[in-house]
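Pasting in a structure now, in structure tokens, and then I'll have a few things to ask.
Going in written order, the chains are labelled A, B, C, D, E and F, and every chain counts its residues from 1.
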Amino acid sequence: MATVQVCEAEKVYILHGIRDDLRVDGRGCEDYRHMEIETDVVSNTDGSAKVTLGHTAVLVGIKAEIGKPRPMVPDEGYLEFFVDCSANATPEFEGRGGEELGMELSTTLYKVFNNKHSVDLKSLCITAAEHCWVLYVDVLLLQCDGNLYDAISIAIKAALFNTKIPRVHISVDEEGGKEIELSDDPYDCMRLDVTNVPCIVTLCKVGHRHVVDATLQEKACSVASLIISVTQKGTITCVRKVGGGSLDPESIFEMTEAGKRVGKALHAPLIKLLQQEESLGKKRQKVGFLG
Amino acid sequence: MAAGFKTAEPLEYHRSFLKENCRPDGRVLSEFRTTTLNIGSISTADGSALVKVGSTTVICGIKAELANPAVETPGKGYIVPNVDLPPLCSSRFRPGPPGEQAQAASQFIADVIESSEVIDTEDLCIERGKLCWVLYCDIICLDYDGNILDACVIALLAALKNTKLPEVTVNTETSTPEVNVEKRSLLHIHKHPVAASFCVFDDSILIVDPTDEEEKLSTAQLTVVTDEEGQLCSVHKPGGTSLSGEKLQECISRATARQREIQKLIDKVIKSIKTAK
Amino acid sequence: MLSSLKDRVGAVLLPGDGFSLDTDDTISLTEQAKPDKVLCGPGLRRSGARLVACKSGVLRHKLPNVFWVDSQQRRYVPAKGETVIGIVMLKSGDVFKVDFGGSEQASLSYLAFEGSTKRNRPNVQVGDLVFAQFTIANKDMEPELVCIDSSGRANGMGVFGPGGLLFRVSLGLVRRLLAPHSDIRSDLDQLFPCELVVGMNGRVWVKSSSIQQTLILANLLQSCDTMTAPQRQELFKRVKQGAL
Amino acid sequence: MEVCRSSAVSLREFGCEQSLLSRPDGSASFVQGDTSVLAGVYGPAEVKVSKEIYDRATVEVLIQPKVGLPSVRERSQEQCVRETCEASLLLSLHPRSSLTLVLQVLHDDGSLLSCSLNSACMALMDAGLPMSCLFCGVTCAIDYDGKIITDPSAAQEKGSRALMTFAIDSTERRVLMSSTKGSFSVHELQQCIAVSQKASEKIFQFYRDSISRRYSKNL
Amino acid sequence: MSPMKLCVPGDKLCSVEDCSPGTGVYLRHGYIYSSLAGYVLRKKEGEELPVISVVRETETQLLPDVGTIVTCKVTSINPRYAKVHILYVGSTPLKDRFRGTIRKEDVRATEKDKVETYKSFRPGDIVLAKVISLGDVQSNYLLTTAENELGVVVAHSEAGAQMVPISWCEMQCPQTHTKEFRKVARVQPEFLQA
Amino acid sequence: MPTDTKRLRGPDVSKSPSLYFSKPPATVASHGPRADGRQRDQVDIRPIFVRCGLVSQAKGSAYIEAGNTKLMCCAYGPRETERKDETDMKCGRLITDMRFAPFSCPERTSWIQGTQDRDLSLMLQESLQPAICLHKYPRSQIEVNVMVLENNGSVLAHAITCASLALADAGIEMYDLVLGCSMRQDGASYVVDPSYIEESSCSSDRENQGCLTVAFLPSLNQISGLQSDGEMTEATLTTGVRTCIEGCYKLYPVIQQALASTVRKAAPPPSES
């Protein structure tokens, strides 16, 4: 992952600041940096969103394709995640450098969505054991400035909110063969219920405290972080410790508690924002990538 | 002398022992290491065996799957052996796809299966041209201390003898197979091939069942596979220095004796499992 | 004992062909009080009491008792004292790394040029051609080249000037070109005036008055490999008539 | 291309051409009946640090089948050819360098491994690499009547009960390499070795003849 | 005497006030903990605090460190340096080989600018050397033989026989009696286990 | 799809016979005692069998058997790092590789390492790294290889325990041992050290369901690895972590004993002089 070098004096400064709930950029320990969200940014996807968090920028595109349901769960569709760490984001991703991080991010995403309620997979089924929708969630890292997990999860939620899956009509011909027809009408489409889509909160243990949405400098001062994905209701769908250090149980409990609190609070404004943007419809002023 | 000499001048170290007609681990030249066998310990496999030849440890697990027979052989099933030498078993193997040695070992095992006819692939046919068994024989080395081929052949043979396949019928209406797990039967083992490996030191001295160190320093290796009728199933010498006719004869007689020992061992272990039940 | 060897001079040997060097067949009391010392050249090696060929080729003999196998080989293996044409690949510290077509690059010191000192470094760039001689060529060591002879003079060695063409020919042809009174060379002399540098490593550099002539020379030399002497003379004659 | 007709121990017609490729340091093609293999040798050349051996050259053999990618079978044949070459080459004369032998199968009509070995030996000789002896490959098939067929064609291989390939060295006519298929008795093995040794005489004579012809041409 | 105490990594052994830490242990919050599975060894010398260490059957020093004497095998040489494989650290054989470099200027202590590597080492020689640096990202361990006790201990002549040292810079083949140049070590009994 | 040319291949398509079983497989009850007789809602881990130093070629090795879950781990190193960068000069590097034998699971798995294996390898690395004194091994790497021979659940947890044993056996300096424990929450009840079927069964659409694996340093009281999926409330998660820690403590004496007996077997105590 993108890293920065922090000297000892800087480290002490950052540590002391955090101890006093004052971070280098003026935030409190549980504050996010400035975040911008824009949906429907890539026209040839079924749903897309771009999120910038500080200088971190990610783009998520969702493509819905018809596939075959998994044999174990014939009445459900499924999601596929792929994270592309472009060399644009940081030169470290050049060559095979980004591959490992991409792998790590996507496996975590699978875990985050590995439950019954995040996305209603049953609604993605077209005909049991034969056809279902497969949502390919492609994440592209545009710029890395720490806290990738949170930015990605928010972008995914926004993109899923934005996703429009064409309706299908199944007709049966004389021989009993089934034919699938996609609706031509762009407005005749299915929307996904994103209420239960979780958001990830990464908590970085710095000194004896933990911070939300750590910058690269703060990350360099921390030994370990905890990734917590939280739904609107406060259910935790995935927890994972990352980094080379260890944490004592008490701080894990504190961190999950804080993660839950911060995560839960994230959802309502996000949904509101997305609905607002949608209601603007065509009138909305597109910011684009350079905006 | 001991330790220092061993790492700095390993060849001289071994020569000094061979001069006295013995080996660093105390064996005489024609002695195999203790061979132990554990059959059927992996419950997720249809048949399994763990073999130890000295410290060399090899595990073979057999998984049976259903497939369509090949068009050119409609009455036959498949046996697919693969040998893996993971980085776990020795620091000389690197992670990644199998290297030359592992591939050559896989091919050797496949050749032994075919040459010895240990299993008649026609026995694996369920319905001619439609359905047959595929036996995936996956052999993994857990500790590499030389003579992997002998250990692989024993593990394979013991695992095959332990393999029980469920009864399969093809439902005529739906033409889908139906598997009856309750009714399992053993495979029919036609032959009992056993391998014996040798190393040639300094172009002349022949030693049996080489360790990793001995393999590395030897100038040639030879593996002879025989079955219970004294027929040869393989005389595999992938190169190296030449071998005289007499030496070859010596290897063959040793291999024949080894076949009897191993077959006895396998029978004994299988019997002990049965009585334990 | 040498008789068996001498009998085969001019014959083709294959690797593994051996000759006994035992003195037991010469219990001769007369001539040799001391057994002759045989000097093995390339392609021959001693194995215990035998002399064994390790390359295929023609057995050659030079007085008094030097024997070698003349083989056709394409890959150059450096030998001390041989001169080669190399390409400067890299400058590292106070040496150049020079590719001469062998298994590893040779080193060539900054100081191994005529008149060069620590202050006065020779003007050599990566990519330049050099004509140099091996001072170290040994299987255990990195080969080392110099562009000066033992008295510190360039003696024809050094960096090539601009122009000219470098190409490869077989090692056998190189040896024929460098042999004293080489007939190929005398044939060439009659064709055009030219500068010709022949490296033992199979690299040949020619420069003539025009590019066209240089190219003709290069092509002629390359085709010499597979031609007999009359064929060659015939071709040279035709070129002389046709091209001029 | 030189051709040799064979009589007593029946070998198919074989032929060989050396130095037919310009890029490699040594090359040869060897034809046995309809089986033909093209070999190229590169080296002694620079070796990768990870494969460097401090006191000898590193040998690599690559076998390219006629169609498709090399598979496990080729890998096992590569091992056989490589270790045979290693036994006959004087590798200690070129420490810390690499020798690469590439064998391209042009056509397979039986006895492929022996043809590969023969082309390899000719290519190594062409490259002028120091060798302690030569080697050749001979394939024998035992049919269902117990008859031994030397240098079998693909059809004969298919109709055989057992198949053996040996590499024989030129100095002592001993077995350098052995690779067998099918089951056979000890006696049959000995017979096959004896037959192969006899056949090797012919092949070595052929080697000598074709090298002599080559040198007579060039002088 | 009670049987010796066994411990595993993480076992709290004692307070720093009772003992001073030796090998195989680490300090944390004023206590000494074990970092190895082995026997607990307390050594008392004079009036000072006893030294507490954890020892195993094999020696724990597994890596060449600055100042340690290593035994190595020369793998290749060129005019500027010799490359070696480190086989031993002290008298402990290494399971995995580490690569090291002996630069020309570190071959001997005197007349450094006149050193020629090929008159000092040949591939295959067994050499005693001392680690002077762990090297940087590009380089390997840097070693030196610039001491009388360091240098070639085992070498083979062109003829293949093991040579006998005849001076600090020459060795002789017992078969052919040819002399070859080496940077010869004055072998000390403590390193003569090989 | 590229074909694997480095292994012998069978037919292009073959299917597990379990897809055609005439009888449906038994489902796990979500209440009452567990299939193997252990207690639900209690820290009832399977009895484990551990042995160190079985692999002659490795610096250190360990084998662990918990019920039918069988794994083997070997530790190699420290050896020269293959890839070098600046941080390696001060600190060693830990490399982990975890893979499943093709016959280890109910369905045959491919030889080629999937994303699951790589993810488990990463988890293993993150769980072990905090316990190893890597600063003692500059310029070098320590390798940990795990082979799952039979998978009957809680593989990651046992792999962590097994790997830390192998490292201790290898004489790699560590701050503490690392022990692993898993639990599965199913509605209101939970099972500790779940078996393969218990792990993969998802009985109904109930909420509060998930798996949790904890890696724990018992002596330092630190959590070095934590991973969960499914859906759990914060309270469940917190108690889950506590349960797993309790599970680790139950394991601790067994592991300590196994290590001690290995040390004792390897050599008699040195003289105290």
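Details
Here is the rule we go by: a contact is a pair of C-beta atoms (placed from the backbone, for glycine too) under 8 Å apart; a residue touches a chain by one contact, two chains touch by 3 or more.
Each chain and its UniProt protein: A = Exosome component 7; B = Exosome complex component RRP43; C = Exosome complex component RRP40; D = Exosome complex component RRP46; E = Exosome complex component CSL4; F = Exosome complex component MTR3.
What you see is a predicted model; the values in this text were computed from it and never measured.
Looking at the partners of chain D and chain F together, the chains they share are B, E.
Think of each touching pair as a link: the shortest run of links from chain A to chain B has 2 of them. Common partners of chain B and chain E, by the touch rule above, are D, F. The leading chain pair by number of C-beta pairs in contact is B-F.
Rounded to whole angstrom, the centroid-to-centroid distance between chain D and chain E, based on C-alpha atoms, equals 47 Å.
Chain A and chain F have CA centres that are 28 Å apart.
Chain centres here are Cα averages; for chain B and chain C they lie 53 Å apart.
Shown for chain D are the residues in touch with two or more other chains, namely 72, 75, 95-96, 169.
Chain B has residues 91, 103, 106-107, 110 in contact with two or more other chains. Shared contact sites, meaning residues of chain C that touch two or more other chains, fall at 140. Working note: touching chain pairs come out as A-F, B-D, B-E, B-F, C-D, C-E, D-E, D-F, E-F. Listed in rising order, the residues of chain D touching chain E in the complex are 52, 54-55, 95-96.
Those residues of chain D whose C-beta lies close enough to touch chain F in the complex are 69-72, 75. Contacts from chain D toward chain B in the complex involve residues 72-73, 75-76, 78-87, 162, 164, 167, 169, 172, 174-186, 189-190, 193. For chain C in complex with chain D, the touching residues are 12, 14-16, 18, 43, 45, 47, 52, 54-58, 71-75, 77, 102-104, 139-140, 172, 226.
Those residues of chain B whose C-beta lies close enough to touch chain D in the complex are 100-101, 103-104, 106-108, 110-111, 114-117, 219-220, 222, 227, 230-245, 248-249, 252.
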